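Take a look at the structures listed below.
Common to both upcoming complexes is chain A, partnered first by chain B, then by chain C.
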Partner chain A sequence: MSSHTYDYLDGNAAAGELSKIFAMDVTAAKGQCAHCGATKRFAEAHLYMLGPGVVARCAVCEHVLLRLVNVRQRVFLDVRGMTYLSLDAAQLEASSDLDA
Partner chain B sequence: MWRVGTVVALHDETATARTITLKVSDWTGHLAGQHVDVRLTASDGYSAVRSYSIASAPNSETRIELTVERLRDGEVSPYLTQELAVGDRLELRGPIGGWFVWRTQQTEPIQLVAGGSGIVPLMAMIRSRVSACSAASFRLLYSVREPGAVLYRDELEALSDHDHSVSVTYAYTRVAPKDWPRPPGRIDAALIANTTWPSNLAPTCYVCGPTSFVETATGLLSASGNSSDKIRTERFGPTGDRQ
Partner chain C sequence: MGIISRGFSGRHGATDLKLPPGQHLTTDFPVLSAGPTPHVSLDRWEFRIDDGTDVLRRWDWKSFRELPTENITIDLHCVTRWSKLGTSWEGVSLDTMLADVKTDASYALVRSYGDYTTNLPLNDLMNKQAWIAFQFDGKDLAPEHGGPARFLVPHLYLWKSAKWVRGITLMHHDRPGFWESLGYHNCGDPWREQRYSGDE
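Showing the complex of A and B:
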């Protein structure tokens, strides 16, 4: 997949859909690509939303990090493209303080 | 997770962009740069969801402002900019996003780079800086098609010329005002070098616009020495349609 087609968004755009599943905001979370090992914020991933679901690809190697598909009353989440996702609990607490 | 917002005011910013003020009674507050998802549902059950950046600064009120640019072939934006009326209700999800945000505790220089309606979340950051009386130094490079397409022109002028809250550079891509020093064109390395913070000041850069604009701007900022982990981006997609 060429990154010069400009048909992608960034991880931010999936945050609403992912909020159905995750209690914490994932856009600021760091995820490691299982293919190239790059560790980036999820917000930096390249996001493709034109298919039947959402596909997030690594901004460095374009390997699939995450797929999210809604089928009737079920939501399928495939995150095998990420070795891990690390969330900053302190920052999230700070942001909820600001929100209050 | 879907909330209901009631339209309390409508304001035309340009011939194609409208600011919608919503009262959301259970709003818990937001951060500058965050967005909401708006869901419209037709009488036959068909629904469409689009993301729109919040234009207003975080405050203690239960009101938010969204500025929506009408897209010619859009499915949602023509309704929001032409048919929506005061008193109508909209379904909202959010606030969303914890990365493309500016927090009032940040003291480093801030470089904002907007392409077209990419100004909207950056305006929330500028307004947040003002309402928090922050001393952070803000610069805005605003690439826009023509003078008539500039959003928030009067407010930006007041903030830059009188308050010195933000230093604004306009870059016109199609039509520039008479006697404008730079011919219309896309942003380039010279413009980045002359109008943005020097990279040795380690500014945090926020870039928002259509995907191709964000790619260009990010490449230029990187080439001028800004570290990629200091550049935060929000892309609209190929046409500028917020998906």
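Showing the complex of A and C:
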């Protein structure tokens, strides 16, 4: 049996932080790595949360997809590591229906 | 091998454990990383000093380990608010590594395996303020703590003491590193609590 231990979490662990910024669930979105071109659900990203900020890395090439830092009353967000994020618009419509 | 006195270990005496503002004491050695731990074999390790165009100096592990070393006892202050006092290291002073480098640059960008970077004024790396350490507590530096070799710049927050270092780029103009470009302070003096951009 493998005893490999991981020093990262999966992208779902960023759901709380990202829900403070985005109206839609980013962890369910698909993102393309700007470095290797792999397209995967954000939930599959490797997440490093113990340092000075949150760093999400591509599960294929380990390049940075997203960085997020809370600086007192401001949030710094860097998403240069993704070519795009593909979100499910139906999710937003469902949310609007609930609000109505 | 030189011995650095307690005079370089922080702003406290043996009985006065004064911490920088906002810090708490820990006896653990937390591992905080922005990415996976690179496992760099000694036969492919190298350290370069360049000016952005040309390589000015280069060491492989053998030539690096032939440089004179120093034993240093220093305090660590992490911006995530823990401090660890009186840690013992062996390393090579940046004064030694920069001794034969002719440059009129004012800034340095420290580069690591794993593509981490951090920026400092070149003056912060000289005059017994910075080392490249390869031993901690008398043992080879473990990969999770930056082995085979890491920066130590103990008068600044620990994010400036880059793990897994591979080189320095000397620059005429400052360029923010990994955390400095995302809201963290450009200087990072723990005694002035320079955590975030905008702090004095």
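The criterion applied here is as follows: the second predicted complex is superposed on the first by the 85 of 100 C-alpha atoms of A that agree within 3 Å, B and C clash if a C-alpha of one lies under 4 Å from a C-alpha of the other, contacts with A are read in each partner's own complex, and residues count from 1 in each chain.
Please note the rule applied: contacts are C-beta pairs under 8 Å (C-beta built on N, C-alpha and C of every residue); 3 or more make two chains touch, one makes a residue touch a chain.
All of these numbers come straight from a predicted model, not from anything done at the bench.
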Comparison of chain B and chain C by chain A residues contacted: B
First, second, both or neither for A:Tyr48, with chain B first and chain C second: second
Touched partner set for A:Lys20, first chain B, second chain C, both or neither: first
First, second, both or neither for A:Arg57, with chain B first and chain C second: second
Which of chain B and chain C A:Asp10 touches, first, second, both or neither: first
Partner chain(s) touched by A:Val79 [first = chain B, second = chain C, both, neither]: neither
First (chain B), second (chain C), both or neither touched by A:Ala28: first
Touched partner set for A:Arg67, first chain B, second chain C, both or neither: second
Doubly contacted residues of chain A, that is, touched by chain B and again by chain C: 7-8
Of chain A, residues touching chain C in the complex: 7-8, 46, 48, 50-53, 55, 57, 62-64, 67, 69, 71-72, 74, 76, 78
Interface residues, chain C side, partner chain A - complex: 30-37, 79-80, 115, 144, 159, 179, 181-184, 196-198
Complex contact set, residues of chain A against chain B: 6-13, 15-16, 19-20, 25, 27-28, 41-44, 49, 91-92, 95, 98-100
Parts of chain B lying in touch with chain A, wherever the complex brings them together: 1, 28-31, 35, 37, 49, 51, 58, 93-101, 103, 210-212, 215, 232-238, 243
